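Two complexes are shown next, each including chain A; its partner changes from chain B in the first to chain C in the second.
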Partner chain A sequence: MSASRDEIFATLSRLLEPFNPKGVALKPDTEIAAELNIDSVGVMDFIMEVEDTFDIDISLNVLSETHTMDDLVRVVEERLKRDTP
Partner chain B sequence: MRATDNMDRGMATAALRATVRHEPGQARQWGGFSTLTEGLDFAARGRTGLNFHSPRGALDVVLPYCELRERALITAGKLAAAGLRPGDRVSIVAETGPDFMIAFFACQYAGMLPCPMPYPMHIGGKEAYIARIAGMMRAAHACAAIMPAELSAHVRQAAAMAGVSRVLTHEELAALPEKAGAIAPHGADGLAYIQYSSGSTSDPKGVLISQRAICANTTGALRHGLCANEEDRAFSWLPLYHDMGLVGFFLSPLMGQVSVDYLATPAFARRPVLWLKLMSDKRSTTCYAPSFGYDLAAKRVNGEARKLDLSAWRIAGIGGDMVRHEILHAFARALEPAGFDPKAFMPSYGMAEMTLAISFASLDAPMRLDTVDRARLKMARRAEPAGDAGSQAARTFVACGKVLPGHEMIVVDERGQRLGEREVGHIWVKGPSLMEGYFRNAEATAEIMRPGGFMDTGDMGYMLDGEIVITGRAKDLILYHGRNIWPQDIEWAAEQVAPLRSGDVAAFALDGAGGHEKVLVLAQCRLRTMEERDDLRRRIAAAVHQAAGIECEIVLVPPKSLPFTSSGKLSRARARAMYLSGEIAPVDAPVPETSAPLQMAASG
Partner chain C sequence: MKDLLEKHRPVMERHDMALAAGADAVGLVNDRILSPTRAIIGGREVILAGTNNYMGITFEEDCIEAGCRALREYGTGTTGSRIANGTYAMHTELERKLADFLGRRHCIVFSTGYQANLGMISGLAGPKDTVFLDADSHASIYDGCTLSGAKLSRFRHNDPESLARRLARHDPQEGGRLVVLEGIYSMFGDRAPLKEFIDVKREHGFQLMLDEAHSFGVLGDHGRGLADEAGLEEEVDFIVGTFSKSIGAIGGFGAGNHELFEAIRWASKPYMFTASPSPASIATSICAVKKLAAEPWRRKKLMENSRHLFEGFKALGLELGCDEVSPVIAVKCADEPSTVAMWNALLQAGVYVNIALPPGTPGRTYLLRCSVSAAHTDDDIERIIALFGQVVKGQGQDS
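Let's turn to the complex of A and B:
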């Protein structure tokens, strides 16, 4: 059940593709919303994809502290752990 | 509390719909109350109320008006137990859920002033959020802050910055003992609440609304704008910290005992089509959204439209941004298979300073479009009808209806002289819905008040057979997806990016192709290489995104190219005009993102 951080990163990268038409290279320290210049609606769209794919919920207060790809990988990892005791 | 209520089975049979009505034999009353608590006391005698839906669309919580009243009365005693007294300002995070609404009405019963605050909506937006709500609490001289547990850390940090020592989660508040003698509702001459939707982050302005204003405005909306009836059932995904969400889809329905179904704003943003699915299930009759909401839903609905039944939707209100007729036509086309009636579109005009509503277009009539000559509009400030709506020389506006009864709306020139039909000028309003003023900010209030009791709306427009047509903002305010964004906030964020300095940045909106507004940020750039410039653009975009949660186009311009007034203030209107005319040109010419030409807005 537990996905490795690399796997989570790879999945997130795939989910981000439609929101990254300019093909900005994704690294752990890539600022998701800002560097890819996704608007707030696009971000919500992407987060929905992440939630559906991993079957987790990401709350707004957590989202407000999420900046980079690495932040998001950690959020997903934590949620997955929490939901699979 | 969980999903056991008979108000909501999401089915369209006549028998079930009867259950959302008021108590049999109990007459409905469309406003006309003298206080909010009087309105809730009356609504609590019936069986209508509020339904909250989960992000995936399941009915989550049901709060009948009778239960809202009971719990608000109990909570009033707990506010008093927390040491709060009548007249105190209570800042409450306005998430879409029962807790906010109960706390809001607890303040009403205890004679306190609730100040709804936003919740964080943007990825990575924590710091900007904390700064924003800290500013609101400071300006309100808040005596307490109340929030959901998950935002406890954010709000505590902001409260500390604002010097607010009483900070409680809803659970902590509920755990307090109930103090007797706390019930002291506002009287008809009293105050009601403070709305912080005006002003920049550094200088928020609290719109102080009286009981008289909220009662007048909701009564006007129910009776004259929406012509509410017993079959009505409202739907909303609008945030409750905005006037359109708070007044339009909480307080107004309550004053008319109308049931409301809610989907939280972030849930709508993640699944726009869920809005329409729920409206189809509930046979909802009334819903408002800014143009961008219709746009988003129309683009996502695809093949789903024929599975929906939107034939009960009689009022599809548009407010919160410039009404974009192209977007609405596209929505109507996309939702035609669902039985959506384009006559339901109801362009409206309003603002928090007038509680909410100022004018509504007439019911059951198609939108009135007015196509005018672009050049005469700009040069002569006259809206002359133009023949060909498709031509670049023409611009089409939407009429937003007549002012509410008992209110007055005029269009005046720079000297305050009334203008005639089709003459473009400043829109002034007055009437019982007018705010008391900006809370403890006489200077800001005086700035917008005009002779004869009028308030300058800050908007420009013209009259057409008694209907108002909005052409743009006189101020620099940017309307982005229904949100008011102060260019100062964007500029300030961008100026923090090295090597930019104060005065290096100008932000303004442009009308892009297809009726979409886009935000442009001009930044004076001293860097020489392409790489450095690309990097600077990226960093500015990142800073703006974090501060304001918006997407913008960054244009690097030469040093000393931005225009300033003689008093040293940045002139955004001139910067915008100079950019459009090519007088300010980018330092390099990057490949344009779209080939569509920018339309020049009329107010520029």
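Let's turn to the complex of A and C:
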């Protein structure tokens, strides 16, 4: 299965809804934790949702270098490719 | 130049808001400690119901005597690491006594419980390995994982299926796999469903470390913790625990049967690069381990007291952290201001409990967390229930 970047972006936006009560508009350069004011545990909870939805692993170590929506789209895209035989 | 401390301004503002509502909830000063269950705080005698002093063992005459003797005979501190000048006969004696108590071949003592998790996890896992940790793990487990340099995979709290999915995606050729669970989780007081996790272990294969910080001394026929209670000690590869709760001192330990276990001493910076526990602390710990074995009434009384408080809170209609009786009983509250207000009202009325706020709590909950002691009397428990009845219901709990 290969999802396009737009599809990944749309899914991530949907998964972010519970963490974004103020409804901050999401763009590729949106800094997820900083702009949505999500604390460290919230970020990890969101990533767990992403892992389970796409059936991929995103090691917590990756998070220190993943800040924006676009960063995360790239991580998901790369993991999906890695898992495709 | 960006100021380093500026990022903490919101934390300070949050603290100032809590201060405006009363006492310093996260910096409270005990002026005097009268007993395992009583202190003078702000000039008033209060019942202590948030100290993790499960066995009520901090004022035992024989432990105090042993500590005083050690101070006189061995001095105030060891001034060195276990791998240099800091190993005394009493350190190895405590390790032997604990290994015997736990029914394990090896035991390593660390200077604090926090360092026991740092030292064990970083001693077990390295950069090529993966640690699978429960989402609600204690901060010392997260920090131990970070220190290890291993890849980290976080599964849903107490959800063996969520762990199994992550293990299935992981390539076993990639490196070792360590799963970390806790016997009793410190915030909600719930136990890990150990049998179900062991089923996953049999299917997928991994090495298992169980942190018995809140269950050591508390659970099981021998007081060895959750693995003892569940009859699954042989399936648990490594045990971690602390002296700061049921032992009433400070320090921690790791234990196991692995033939290479002792190598952790030389693979673990939190063991090597800190001073060894002080003589007095080791001496009181040796005495307390003997008491855990010799005085099973403490466990029985603790569980009776826990059931008493649990049922009292249930009868008040309070929403609790979990549905099983454990010495950790958390009352869920609506929001930060009401939790701070209730915590202050309880303190004013004469009972100290812990306040626990996000992000340090599971599921962003606001908690008044109680921990029960074997040293609480039935009257103490009745009083705690009555005060919660007055204060929490008066303020309106989450509803």
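The definition used in the following text is that the second predicted complex is superposed on the first by the 85 of 85 C-alpha atoms of A that agree within 3 Å, B and C clash if a C-alpha of one lies under 4 Å from a C-alpha of the other, contacts with A are read in each partner's own complex, and residues count from 1 in each chain.
The working rule: contacts are C-beta pairs under 8 Å (C-beta built on N, C-alpha and C of every residue); 3 or more make two chains touch, one makes a residue touch a chain.
These numbers come from a predicted model, not from an experiment.
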item: Which partner, chain B or chain C, touches more chain A residues; value: B
item: Chain B versus chain C as contact partner of A:10, first or second or both or neither; value: neither
item: Partner chain(s) touched by A:33 [first = chain B, second = chain C, both, neither]; value: first
item: Chain B versus chain C as contact partner of A:60, first or second or both or neither; value: both
item: Touched partner set for A:45, first chain B, second chain C, both or neither; value: both
item: Contacts on chain A seen with chain B and repeated with chain C across the two complexes; value: 39-42, 44-45, 47-48, 51, 57, 59-61
item: Complex contact set, residues of chain B against chain A; value: 55, 119-126, 129, 150-151, 153-154, 266, 269-271, 296, 481, 538, 541-543, 545-546, 549-551
item: Of all residues in chain C, those that touch chain A in their complex; value: 130, 135, 145, 151-156, 162, 165-166, 169-170, 358-359, 364
item: Footprint of chain C on chain A - complex, ascending; value: 39-42, 44-45, 47-48, 51-52, 55-57, 59-61, 83
item: Chain B-facing residues of chain A, complex; value: 31-35, 37-45, 47-48, 51, 57, 59-61, 63-67, 71
